[in-house]
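Take a look at the structure set out below.
So that you can tell them apart, the chains are marked A, B, C, D, E, F and G in the order they are listed, and the count of residues begins at 1 in each.
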Amino acid sequence: MNSLILNTISKTLLPLLVLFSVFVLLRGHYLPGGGFVGGLIAAIAFILHAFANGLNETKKILRIHPGFLIPIGLLIATLSAIAPMIITGEPLMTGLWYEKDIPILGKIGSALFFDAGVYFVVVGICLTIIFTISESV
Amino acid sequence: MSEHLTIYPIIVHLLTAILLLLSWMNPKVQRYISIIGSIVGIIVGGLLFSQVWTEGIQSVQLGNWKAPFGITMVADTFAVTLIVLTNIVALAVSIISTRNMVSSRLKFGYYAIFHFLIMGLSGAFITGDLFSLYVWFEVIIISSFVLLTIGGRNIQIEGAVKYFTLNMLSSIIFLTGIAMVYGVTGSLNMAELSRIIPEIENQGLVHTISLIFFIGFGVKSGVFPLYFWLPASYHTPPAAVSALFAGLLTKVGIYAMIRVFTLIFPLGEINQMILMVVAGFTIFFGGIGALVQKDIQRIFSYLIICHIGFMVGGLSLFTEVAIVGAVMYMFHDIIVKATLFLIGGVMYRIFGSTRLYDMGGLMDNYPRLSFLFAIPMFALVGVPPLSGFWPKVSLFMASYTQGEMFLLIMFIFASLITLVIIAKIWNSTFSKKPVEREKRKAFKYFEKFSFAEKAAYIVPIIILVGVTLYYSFFAEHFQVISERIGKELMNTEHYYNAVFGIKEETKL
Amino acid sequence: MNLEDFLAYIILPILSSSTLLVFIRFLMGPSLSDRVVSLDLLITIGISIIAVYSIVANRPSFLDIAMIFALIAFLSTVAFSYYLEKRKKNE
Amino acid sequence: MRVQFLLNILLAVVWVFLTGTVNATNFAFGFILSYLVLWLISSNDDKRKYFVIGPRIIGFAFYFLYELVKANLQVAADVVTPKFYMEPGIVKYPLDAKSDLEITLLANVITLTPGTLSLDVSDDRKVLYIHAMYVSDKDEFIDSIKNGFEKRILKIVR
Amino acid sequence: MTWFASLLPISLFIYFSTFAKGVMNGEIFNFFTSWVPSLGINLDFRLDNLALLFTLLITGIGSIVFLYTSQYLKGHPKLMRFYVFLSVFMGAMIGLVTSNNILTLFIFWELTSISSFFLISFNNTEKASRKSAIIALTITGLGGLALLAFGVLAGQMTGTYSISEMLQSPEAFASHEYTGYLLLFLFLATFTKSAQFPFHFWLPGAMKAPTPVSTYLHSATMVKAGIYLLLRFTPHFEANPQYFNIMLIVGGVTMLYAAINTLFKTDLKGILAYSTIGALGIIVFLIGIGTSASITAAIVFIVVHALYKASLFLVTGTIDHQAGTRDITQLAGLRKVLLPLSIAGIIAALSSGGFPPTVGFLGKDLIYEATLHGSISPALLTTLAVITNIFMVFAGLLVGVKPFTGKLPEALGPIKKPHFILWFMPMILAALSLLFGLFPSMVQSLFTNNITPLLTGENSPHLAIWHGFNLILLLSGITLVFGLGLYFLWKPSHQKEDAIAKIEGYAPKAIALQFANLFQKTSYFLTRTFQNGYLRRYVMIILVLLTIVFGIHIFINPRIFLSLTEIKSLNWNEIVVLLMMLISILFTVFTKSRLTAIAGMGVLGYTMCLIFIFYGAPDLAMTQFSIDTLTVILFVLVLYRLPKYLNLSNKTNRIRDAIVATSFGTFLAFTIIEIMNENPVKGVTQYYAENAYTLAKGKNVVNVILVDFRGFDTMIEISVLAIAAIGVFGLLKLYLKKHEK
Amino acid sequence: MNDIIIMVIISLGTLFILLAAIGLVRMPDLYLRMSVTTKAATLGVGLILIGLALHYMETSITTRVIAIIVFLLLTAPISAHVIGRASYFIGVPMWKKTKIDDLEGMYNTKTHELKSGFEEEPEPEAED
Amino acid sequence: MEILLAIMTGILYAAGIYLILRRSLVKLILGIVILGNGVNLLIFLMGGLVKGRPPLIPEDASALEGIFADPVPQALILTAIVISFGLQSFAIVLIKRAYKVLKTDDIDTMNKTDDIT
């Protein structure tokens, strides 16, 4: 949409929302949130940007095709799922946890990576879908 | 390594799919990755099979949460046999896709989705969790939607709309059933459910829920009167995709039906009767549908339905012998139906059409191909000793021992009508004079194919025909496997013990 | 009367009633824009309901939902507006 | 100005390390503390601007709140009473604000205060179209904004 | 070099002949290899007298046919294919008659059907050939399936699939709950294969095959398979009179029906076809009489018929090959050109007619012997036999004599001399007819002496040409006289053929075809009715089924607990949410604008969120809300290219749909209420509550379930999303060029 | 913090929201409805959130409350702006008593360009 | 509330069903979306309703105690919601494509697939 006001705000909101989405992702294990909602929020940030500034602008910001986030996310999730099979010989999806607490994140473990994978996939698919649709209108 | 083998068939295809997505723009590499992935799939499936065969039912507790707290993956003989066959079909389709699918399709993720679909099928076969089964079903559905529609012509889109709506509906029905099961039992673990369900006091409710599952799976497996999406869509996509669908998709519905109605809701008299009637009608309507069609892919589509009746009928008899027959039939059907659709694809390349009217002269112009094609066609009919014959023996036996002459007669009807239809196809396609067409379609006909292209079309058929022949002449192997499956399915404690890690005193 | 009861028996019902009023506008329309505006306001009121409810139920974590509501609610409004303009353009 | 801000943050971090208490409150405290320190040591005008902005933002916030409540009450009165006293209209408001940020801020502030609604900015950025509930006198309306929000915003931003 | 293929049947013939001595001494050769032991299907072969008789016929006549073909189809481009089919067929026949396992027998049985399908449609470019082949295959295929059913039933009833072992359980075949089915299936199998009325009509059609095929199929092999099976199971059914009575009736009807039909044919092969059916009828009829004499007669007649029928077919083939026509009305005087052939033809015709001293005479004698001493109504049976035989005399003469006698019509043009194979092969067969006729003791020692006791437990009667002047001789005389009379008086013509064609509408073939046609039409109708392309109907059917399931449940098992206290405990927020939900649903359903509907859906999703918030599901609320927003965006992005709603369905439809929808909803609601009264022990939930933090290190239990306890679901779920996204991408971006489709 | 103060703040917020709701129903045209409601509601929510922050008196909650308020202040005017402009554009009618409409005729219906009326060089009209 | 929500679930199903029986593709998708909501509500109900007690372990505790909402159905619904989102977005695009190539929104005119030709 050709609106100065929307353009400006969307540029402000983009980093804000992306930051927020990471926040939601990281805290999911303790409080409502997680990779899925986080991913949605991040996607929404870019979608908003695209609404305001046009698709091409947003793509410039993204640099890579959002579709690529899908296999990357899947790979992260899959690796974190099969990591226990390789590392400790335990079944798929067994949680691996780093013993000590890490500031901000709390306990860090394979579940977190898994959630991050989910995050990327969700961002990737939402953007792919929405961008594709707006391009082919 | 070997203790995780159960999950490998899924991992292999998942990783293959991811790799394929990463090599998004490179169709050439994709072709190799896919074929290698499928071969690894067969190897892994084979290893898992031998493990199950020697050590009994295998299970993996995902996340290392003991059942029923996590998701349990269970590879029993039934599941693992299906996985092996699925991977074989996958290899065949993977090979034909190298040529049947144009590069632009590959750039839109054809192969990746194809492997997701195989992953979905494998997952559905080995999951031991009811909700997980739903999720696997969704993988299957969505990937089949995509395969059905990408690059879609009008008819394909139209077919997809129907396919989509009815399958979506069936998923909703299935999910409704799952919700109700959870509401009644508080559990989703299939092995645990097999113990809880009989204890439920309100068995009327349980029965109703079982029927919801039946309708949900019925749509997927294409039984009367729920099959409508199938003939509307299966003939529309390219041959490779149709072959995959024909061989495997409806079978998942049947698989689920067999699994659920042996493990969770063992068939009672009423359900047996319902299934039997449904089987009879499925045979009848599938058969007559196939009889009146004039397009080879459509005929095969209806024959899929018709032959679903064998499996549902077998299940409805609910004896070990009948289950053996149903399962045997399923194995045969997976291979042969896939082959037939691949053949349909070759015919399309030869004649530029899949309509019977446009065909002819195959036997005179391509005698060796004709011979090759004849094998699956007559195997479908059940011409002994080809594969379709063997399951019928068990099915006939079971119909007799259960005194269900109705079913026996329906089985005969199905066989006869298949025979007539195949003979009709033979006459129009192989025997009759080729139709003289003034204007030929502007596309590359089979005769213009390079050797590599021809090989890509024919090698998969040879592979599958090889399996058919193996099945035909070493039917004993399949029979023994199926008998073990029958035992495992009808005596659920084996499954239960495997899931809950209880050592069995006697092996099967 | 303590705070929780006050919120539960006075504030929440008022907020619900406001919701209902907004909903009435939603139903009445008459234009799509009116409905979109109503939807927007509905969500805003939803944020307050969540806030109040989080005190009533003593679950501060509900605030996160409110946060998400606040962040993305307007996106559907943007979408609808986008639609309205585009449609006009196409006609 | 940006340098000042970064310096401020840096000092706050140093403060956190010095005190050894890693939490938000301590950081905020450190931030305010270093802000004051920086203000004290600032020498030239350019540097000073950083310290004028703080109070101005706060001042603006209060002004905004005041306007918000005031206008809200005015509208509220109109809403709850049976008769409408409004004289609505769309007013063309000539902009002094130039940059994206200025215009957007102004427009949003106008929208946020009840009774007014920024509809759109002309493509040449010269005019903001405002829908207002009470435009008994167009010029007076424009002036009120010119001397109210726009002036304050420009002061902060420029 | 094409005669090379003939080495196969010849060597097989020699091979089987080597068993003759042993077999005649009462030895039985067994060959056993297990195949699918779990199903009781094994390669269990057993060469006894009966089997040997058939193997010799199959390989012997096979040799002749193979040799004959080498000239008959000389230079034919598909000759090799022909030999392959023929060899497969021969192999299948041998397997069939030597199998001792009923299911293995079935396998070979089906193989004969299939290979005959290919043989009949060998002239694949001719529509008539293909049609005949399909009819033959359908009929024999039906029989085949019946045989499978018979085999499985018999196997289940006796506990073995070994035919010889089945004899141990006579009760299965005599009086068992399912003996009726057993008979039904067996007769269906054999009568179709052996072309008994009313299944006979595939056989004349099968004459579309090249003549060597007709020769082979209809004299010694295919059609005899059914006969073989009936004979084979005669001992099993010994105590079951129905077995014999049915055969008697069916055989009787068949032979008479076929015999009369020979009058109206002008095509040599057509005449032969009906006379074959008649002969098959006679054999079945003889078995049906069920005495040792009749069985003996049947065996002898099998041999007799094989020899003369093969011979006549080959004669016909040569005539066709040389003269270019098989129309009897156009053929005459060929002896001048085809003298050796005419000798063969005449001998075969004589044997066919039962003239002494051919073996046909012997056969006829035995038939009358059997009918005269039959268990029931000898007079009737004999009369039937005599009438049939009169026509058989007629038919034999017509084919074997008529073309050679009289004046050579000029229309036939110059006729070349045939290759010697083309007359020599029928000649061999004719000679054999003569030989066996002259030395009936050979027939007796070779066949009946051993087979009759095998099948009936009684000794074979003495076979001789001359029994003195007796009733049988008289009957033979009558037969010959009347047959000759008929031959001289009745001239086949196209007019007669056309005349009969008018009433053929009532013949089994026409009825069957009409039935097939009707079936096809009904199929079409039903298929179009059910699979009519209207998605809504498909959906409707599924929903109606579901509604019925729930409805039945509610009505037969009502357990509804409605308490009013619950209503009272409602607070205002809940009422508002429910009210909004309800109204937004109705709004979405009934609004006339798509966009408004989407907005309504947004409200609906929003109320769902509120419910999730009220009832402790913050994660759900978040997700639902974000997803709803995205869905709205999606809809909006897609919609503005779509047309406005049209009010398409009429009022009746809407009411009907509303009824289905509301009843479904109502029943479902009741069921849910019922389920909510179940209070299962939730071990899993309890476990999660206790261990989410201690074992999985998370405090948001829902999230812990999603990424850990049931993490794999999430893994799959994101795969679903990935697939969907790729799908969307492909669906919108991929437009194949024309040549890529 | 004293519960009474919280009650008052929340009540005030609720009151504004109620007013917004009433306004939405009562106001005669879309623009007036938006004018009245969007902000009243924002104010109301803000007050309620402040009340909540005062109730819990925890840093993490206060920061979140501030975040929400900031988000609202950023997004609420955007909603109003985009929907208002779109509505005007598609011709959602104004109240009959509306006095001035400076916007009339300023939009180019095809390109969505908005004129200010102060353009230095009026562009030559495009020839169709 | 349980009973009312059960009835509401019934209503959602009924509405969804009614919509998918219409002739318009758009309504079809709307129907499926509504049915999806119905299923979610059903699953939610099957876990039993617990007011205001989400399954979040309090900061000072290491396990959930007392009464709390059943997390299992919630997790199931989350998965189901996400999956339906994937399917729905695909479906929405499908109708777009369908309209583009078939030039109609009327399902009843899409009956070529089953023609016997």
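Here is the rule we use: contacts are C-beta pairs under 8 Å (C-beta built on N, C-alpha and C of every residue); 3 or more make two chains touch, one makes a residue touch a chain.
Treat the numbers as computed from the prediction; the structure is a model and nothing was measured.
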| item | value |
| --- | --- |
| Common touching chains of chain G and chain E | A, B, C |
| Remotest chain, chain B as reference, centres from CA atoms | D |
| Longest centre-to-centre distance from chain C, chain (CA-based) | E |
| Interface with more contacting C-beta pairs, comparing C-G to C-F | C-F |
| Distance from chain G to chain B - Cα centre to Cα centre, in angstrom | 28 |
| Whole-Å gap between the CA centroids of chain A and chain F | 30 |
| Whole-Å gap between the CA centroids of chain A and chain G | 24 |
| Multi-partner residues of chain A (at least 2 other chains) | 1-3, 5-6, 9, 20, 31-33, 36-37, 41, 44, 47, 67, 70-71, 74, 78, 92-93, 95, 125, 129, 132-133, 137 |
| Where chain F touches two or more other chains at once, by residue number | 22, 34, 38, 42, 67, 71, 74-78, 81-82, 85, 112-113 |
| Residue numbers of chain C (touch at least two other chains) | 15, 17, 19, 36, 53, 59, 61-62, 64-65, 67-68, 71-73, 75, 78-82, 85-87 |
| Those chain pairs that satisfy the touch definition | A-B, A-C, A-D, A-E, A-F, A-G, B-E, B-G, C-E, C-F, C-G, D-F, E-G |
| Residues of chain C touching chain F in the complex | 2-3, 6-7, 10-11, 14-15, 17-19, 21-22, 24-25, 28, 31, 33-34, 36-38, 40-41, 44-45, 47-48, 51-52, 54-55, 60, 63-64, 66-67, 70-71, 73-74, 77-78, 80-82, 84-85, 87-89 |
| Complex contact set, residues of chain B against chain A | 3-4, 7, 11, 14-15, 17-18, 21-22, 24, 60-64, 70 |
| Residue ranges of chain C touching chain E (in the complex, touch as defined) | 8, 12-13, 15-17, 19-20, 23, 26-27, 29, 32, 35-36, 39, 42-43, 46, 49-50, 53, 59, 61-62, 64-65, 68-69, 72-73, 75-76, 79-80, 82-83, 86-87, 90 |
| Residues of chain F touching chain A in the complex | 67, 71, 74-75, 77-78, 81-82, 85, 112-113 |
| List of chain A residues in touch with chain G within their complex | 31-32, 36, 125, 129, 132-133 |
